[in-house]
Amino acid sequence: MQSSLILQNLVSAPVLFFFLGVLAVIVGSDLEIPSPLPKLFSLYLLLAIGFKGGLELAHSGLGSQVLLTIGAAVLMSLLVPISSFLILRTRMDVYNAAALAASYGSISAVTFITAQSFLNVLHLDFDGFMVAALALMESPAIVVGVLLAKLGMPAIDAHAGAQPGAKAGGLRWREVLQEAFLNGSVFLLIGSLVIGFLVTTFSPAGLVKMEPFTDKLFYGALCFFLLDMGIVAAQRLRDLRRAGPFLIGFAVLAPLLHAAVGLGISRLLGLNQGNSLLFMVLCASASYIAVPAAMRMTLPQANPSLYISSALGVTFPFNVVVGIPLYMALIQRFVPIS
Amino acid sequence: MKRIDLFLSEREVNKVCKAISEAGVPGYSVIRHVTGKGLAGEISESMDFSGLGANAHVIVFCDPGLLSAVRAALRPLFEVYGGVGFISEAEPL
Amino acid sequence: MQSSLILQNLVSAPVLFFFLGVLAVIVGSDLEIPSPLPKLFSLYLLLAIGFKGGLELAHSGLGSQVLLTIGAAVLMSLLVPISSFLILRTRMDVYNAAALAASYGSISAVTFITAQSFLNVLHLDFDGFMVAALALMESPAIVVGVLLAKLGMPAIDAHAGAQPGAKAGGLRWREVLQEAFLNGSVFLLIGSLVIGFLVTTFSPAGLVKMEPFTDKLFYGALCFFLLDMGIVAAQRLRDLRRAGPFLIGFAVLAPLLHAAVGLGISRLLGLNQGNSLLFMVLCASASYIAVPAAMRMTLPQANPSLYISSALGVTFPFNVVVGIPLYMALIQRFVPIS
Amino acid sequence: MQSSLILQNLVSAPVLFFFLGVLAVIVGSDLEIPSPLPKLFSLYLLLAIGFKGGLELAHSGLGSQVLLTIGAAVLMSLLVPISSFLILRTRMDVYNAAALAASYGSISAVTFITAQSFLNVLHLDFDGFMVAALALMESPAIVVGVLLAKLGMPAIDAHAGAQPGAKAGGLRWREVLQEAFLNGSVFLLIGSLVIGFLVTTFSPAGLVKMEPFTDKLFYGALCFFLLDMGIVAAQRLRDLRRAGPFLIGFAVLAPLLHAAVGLGISRLLGLNQGNSLLFMVLCASASYIAVPAAMRMTLPQANPSLYISSALGVTFPFNVVVGIPLYMALIQRFVPIS
Amino acid sequence: MKRIDLFLSEREVNKVCKAISEAGVPGYSVIRHVTGKGLAGEISESMDFSGLGANAHVIVFCDPGLLSAVRAALRPLFEVYGGVGFISEAEPL
Amino acid sequence: MKRIDLFLSEREVNKVCKAISEAGVPGYSVIRHVTGKGLAGEISESMDFSGLGANAHVIVFCDPGLLSAVRAALRPLFEVYGGVGFISEAEPL
C-alpha cells in the first residue's frame, strides 16, 4: 500500500518536473528559468491558493473546528522554532540556529500545494480553511526566531549588534514585525485569501470569471514552478556539503518529527484524512520563500546558504518525494475514513 | 571629481540610496540583478522568487569633499549587511 | 440604488486587487511585481481586448450607429485636449498643460476593461465597436497635445526648442505622428483588432482556439495587472503632493465633466446602457500607457511626474472606484433600457 | 485549391500575428516583447508540445511505423547537414558552412507547431510520435555539423583552434555532445515528452489537470510568440543584405529541396496526409533555437548573424507563410487520403 | 585611453548609440533597467509597462581624440532630454 | 588597486568567472543583459529565447599584482570567443 502511494506520487506531473529540474543540474544542461519568471509563478501560486482558500473558507464558515485547527497550527508555528532552536544550538551559533528555527517553524506553500494535488489524485477531500492555517503560520515563526536570537545572543553583541538607525533597540521591533507580517509573499497570500472571501460572500458572480485563472491553470503552473525548484534545489545541494552531516540529518529528521506531532494533533482535532495530510505537511515543511528575505533583514549575522540550502535543498525534496506519500500511509493507518 | 562604485545586496539598496542622498550626493545610478562573489560567497539570482534578490551596483559621481560623508553613512550598513565600495578619479564629460 | 452599485463595484475582484496593491504601499510591504511582468500583462490585455473587439466588430458590422459613435469618440479626443489645455493653462506652463491635455483627451484601456467587467456582472450588453472607438481615441489626442504646445510656446523656444537632427521643424512632425500612431501599445491594440476582424471574417474556425487565451484568462490577468496598478498608483500619489491642489482638483473634476459630456452624446447617439457607460468611461479616463512614452519624446520639456501622477495616481483610481458605478447610476436615471 | 490553402493559412491568427510583428519593424513602431518574455513563451511551447507528444506517443505505442518514421527522421537530420555543407562550401568558409549545415539539418519547433495548427484547421489527423521525431532530430545535426567543421578545417587551425582547457582534443567532444544533447531546449522538449509518456501510462488522472495549461492556452501563446518572432525575423532581414544573394537563395531553395525529399520518404513510409506534412516541415525547417547556442560554443569561428539570419529571417517566414500551404498542396496531389 | 560613462533615459538610448557610433567610437556597451536620481528627480522601473522605461548606462572605451566628437554629438541630446556623462582614464587589459 | 572591466558573451561568463577566480581575485561582480557593439558587430537581447544571450559585464577590483594572472587566464578565452577588457586605477572606499 505504502509503496503504491509513493509510486503514485512519483509519477505525478509536478514531481516529475521537479526531477527534470534536478536532472538538468546533475547532467549539466544549461536549462534555466530566467529571473523574474520564477517570481511570476510564485506570485501566481500565492494569489491563486489564497483566493481559492478564501472562497472555500467563505463556504465552510468559521466554525469551532476551523478555529481550533487554525489555533493549533499557529501554536505549532510557535513551538517548532523553540524545539528546533534547542536542538540546533547544540552544534551551531545562535544566529544560524535561530534562522533555521524560524524556517522550520514556518511553512512551504509549494509543498502544501503539491500535497493538495496529491489528495486530488486520490479523490480525498480537504477544506479551504487549511489555507488560512498556512497563511497564519508564516509570521509567528519569524518573530519567534528573531526573539530566540535576541535572547540567546552574547551580551556584547546585544549592544554592538544594534541595527544602524535603531534607537535603543526599540525601532528594531518595527522592522521585525514588518518583515514577519508584511513580507511580500505573506501579504499577497493573506490579501488574496481575504479577497477570495469577500468576493464569494458579496459578489459570487465574479467567481466563475476567476476560475480559469485561479483554478484551471493552477496545476500546469505548479509543474512549471517545480521545474525551477528542481533546478534551484539541486544547485543548493552542492552548497550543503559544506554544511556537514549534522544539518543534513536535521533537515531529514525534523520533518519526520514534526509530521508525527502533526499527526497526533490531527487525531486530537478529529480532522479528516485530507486535512490531516495538509496539517502534517504544514508542520513538516520549512519555509524558503517568506523566511529567507525576512532573515536577511532581521538576522543578517546568519548565513543564508545554511537555511536556504537545508530548507530548499533537503527538506523540500524530501517532503515532496518521500514525505507526502509516507505521511499519507501513516494517515491511512491511524486516521479513520470520515 | 570622484566616482564611487558600491556593491551590496538588493535588499539594502533603498537604505543605501537614502543614506547617500542624505550625505548630499547630487545624483546616483542603480543597477540591479548583479551577481558576483565576495566574502559572503557566491550570490546568484536563483532565490529571486523569494524576494531575496541578488546584488545591486550603485554608481555615484560626486565632489571629493563628499567622500567622507558617504563613507560614514555606509560603514555601519556594510558592517551589518556586507557590501564593498571603491573610489576612482573622474571628470564631467 | 447608487450605493449598491458602488458596493457591487467595490467587492469585485479587480477592484479589490487594486486596493491590495495600494495597501501594500501604505503599510510598507515589499510586495512588488518586478519588471517586465507588468509589461507582459499590459501587452496581453491590449492583445486580448483588441482581438475580442475585432471579433465583435466583424459580427456587428460597420453600420451607421457604429460609424457615428466612433466619429463622436474621435471628436471627443480632439476637443477634450483643447478645453483641458485652456483650463490648465491658467496655472501651468504651456508644456505641462499640453502634456496633461493630451493625457486626458486620450483613454485608459484598463479603466475601459474594468467597466466592461462591471457590465458583465450587471448582465448588461455592450458592443464590440466600442473597442474600435477606444483604439482610435489615443492618437488624435497626442497630436492635438503637441500642436497646442507648438502654438502656445513662446517664440524664442519655438526656434531653440527644435529637436536635435530636425531640419527646419519639418522632420519633427514625422516623429510626432510616429509616436501618436505607431506607439507600441496603440499599434498592438489596433493590430489585434484588425486580426480579430480578419480571423472572424475569413477563418472563424480559429476563434474557438483563441478563446481560452483571449477570453477565459482575461479576468484573472486583469486582477493581476490591477494589483500592480494599485502599487504604482499609490507610489505616484506621494509625488502628487508636490503638484499641489490645483492639479489634484483637475484630476478629479475633469473626469466628471468629461463623463457628463459623454452622457449627453450617448443620449444623442441613442446608445444602449452598456455602450453609454463605455463611452462615458472613454471620455472620463486619462491615458498613462500610450501617452507618457509619446510625450517623453515629443514634449520633453514637460514633467512626466505631473502627467503620470495625475492620470495614474488620481484619475484612474477615481474612475475605477467611484466613477464607474457613479456613471452607471447616472445612466440608469437618464438612459432608457433598450 | 492551392491558392485557397495559402489564403487559409494567411488569415490564421498565428500567421497574422507574425505579420504584425514584421510590420511593427517595417513601420518603425517601438512595439517590443522585452526579454525574458519570449523565453517564457518558448519554454512554455517546448514543455507543452513535449508533454502532448508524450501523451499521444503513449496512446499510439511504439509500432513499426512509428519506429521507421523516427528512424527516417533521424537519418534526414544526418544527411541534410552533409548535403547542405557540400553546397554551402562552394561559396563559404568551412566554419560558416558547417554551422549553417547544422541549422538546416536540425528543426524549428515553432514551424512544426504552426503546421499542426494548420492541420487542425483543415481537420486533418496527425500522430503524437511525430513530436518524438522532432525531438530526436536536433542533436544529430549539431554533432554532424561540428564533425564536418573538424574534418573540413585547415590543418593549422585543427591544432591552434583547440578550445581553451581542452586536452588533446579529447575533452572537446564532451562539450559537443553536451551542447547537442543537453542544450536547454532539447533537454526540456525530451524531458517533457518522457513526462507526458509516464503520466499517461501510470497516472492518467493527472492528464485532465494538465490540459488547460498544455492544451487550451497553446494556440494563444503561439500567437504571442509569433508576434515576437515576426519582430526578430524582420530585424534579422536587415542583417541579411550583407550576407548576399547566395545565402538568401539557399535559405529559400533548401527548404523546397528538403521538403521534396521529405515527401518522397513520407510516401515510402506510407504516412497519412497530416504526418506527411509534419515530416516535410521537419525536413524543410531550420533551427534557430537549439542550434545557435550550441554553435556559439562549439564553432565560435562561425558568424552567428549568418546562420541566425538565414534560418530565422528567411527560411522560417518562408515555411510559415508559403511553405506549409505549398507542401500541403503537394501532399493533396501525391498522398492519398488514408 | 578614455572611459566614458553616460546615463540617460532608455527612450533615447538608440539615438545616443547612433550618435556616438557616427562620432567614430570603436565599440560601446549598454546596460538597461538602470534606476537612479538626478536633476530630473527619481527614475524607477515602475512605468515600464507603458514603454517609458528607466535609464540606461552606456559605457565607451575610446581614444582621447574622440572625446570632443562624442561630446559634440551628445550635447544637444542631453540638453533636450536630460542625461549626464563622465570621463575617466583607462587602458586596455 | 586596479579595476578591471570585461565585456563578453553571456554564454562564456561562467568560464570567465572560473578563470579569474582561479587567478586569485578576491571577488567580482557580473551584470548580464548587456547589449553593445564591438568587432563582432551589434549584440542585442533579441535571441535570448534561444539561450544565446547578450553580453555580460564583469567588474573586478584587485591588487595590481593579479593583473598578469587575470590577463593570462582570459587571453585564450577572448581569442576564441571574442570579448574585450580594460583596466583603470581605483582604491577602496
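So that you can tell them apart, the chains are marked A, B, C, D, E and F in the order they are listed, and the count of residues begins at 1 in each.
Simple rule for what comes next: contacts are C-beta pairs under 8 Å (C-beta built on N, C-alpha and C of every residue); 3 or more make two chains touch, one makes a residue touch a chain.
Values in this document were obtained by computation on a predicted structure and should not be read as measured data.
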Of all other chains, the one whose Cα centre sits farthest from chain E: A
Interface residue identity across copies chain A, chain D - same or different by half: different
Centroid-based (C-alpha) most distant chain relative to chain C: F
Geometric centre distance via CA averages, chain E-chain D, whole Å: 39
Between chain D and chain B, distance of the C-alpha-averaged centres to the nearest whole Å: 45
Averaged-CA centre spacing for the pair chain E and chain C, given as whole angstrom: 33
Residues of chain C engaged with two or more neighbouring chains: 30, 34-36, 39-40, 183-184, 212, 216-217, 293
Overlap residues in chain B, where contacts from two or more other chains coincide: 31, 33, 48, 51, 88-89
Complex contact set, residues of chain A against chain C: 36, 39-40, 43-44, 47, 51, 178, 182-184, 187-188, 191-192, 195, 198-199, 202-203, 205-206, 209-210, 212-214, 216-217, 293
Complex contacts: residues of chain D adjacent to chain F: 35-36, 38-39, 41-42, 161, 163-164, 183-185, 228, 231-232, 235, 288-290, 292-293, 296-297, 300, 304-305, 308
Chain D-facing residues of chain A, complex: 7-8, 11-13, 16-17, 20, 23-24, 27-37, 40, 117, 120-121, 212, 216-217, 219-221, 223-224, 227
Contacting residues of chain B [partner chain E, same complex]: 1, 3, 17, 21, 26-33, 59, 61, 88-93
Contacting residues of chain B [partner chain F, same complex]: 4-7, 31, 33-39, 55, 57, 67, 70-71, 74, 84-89
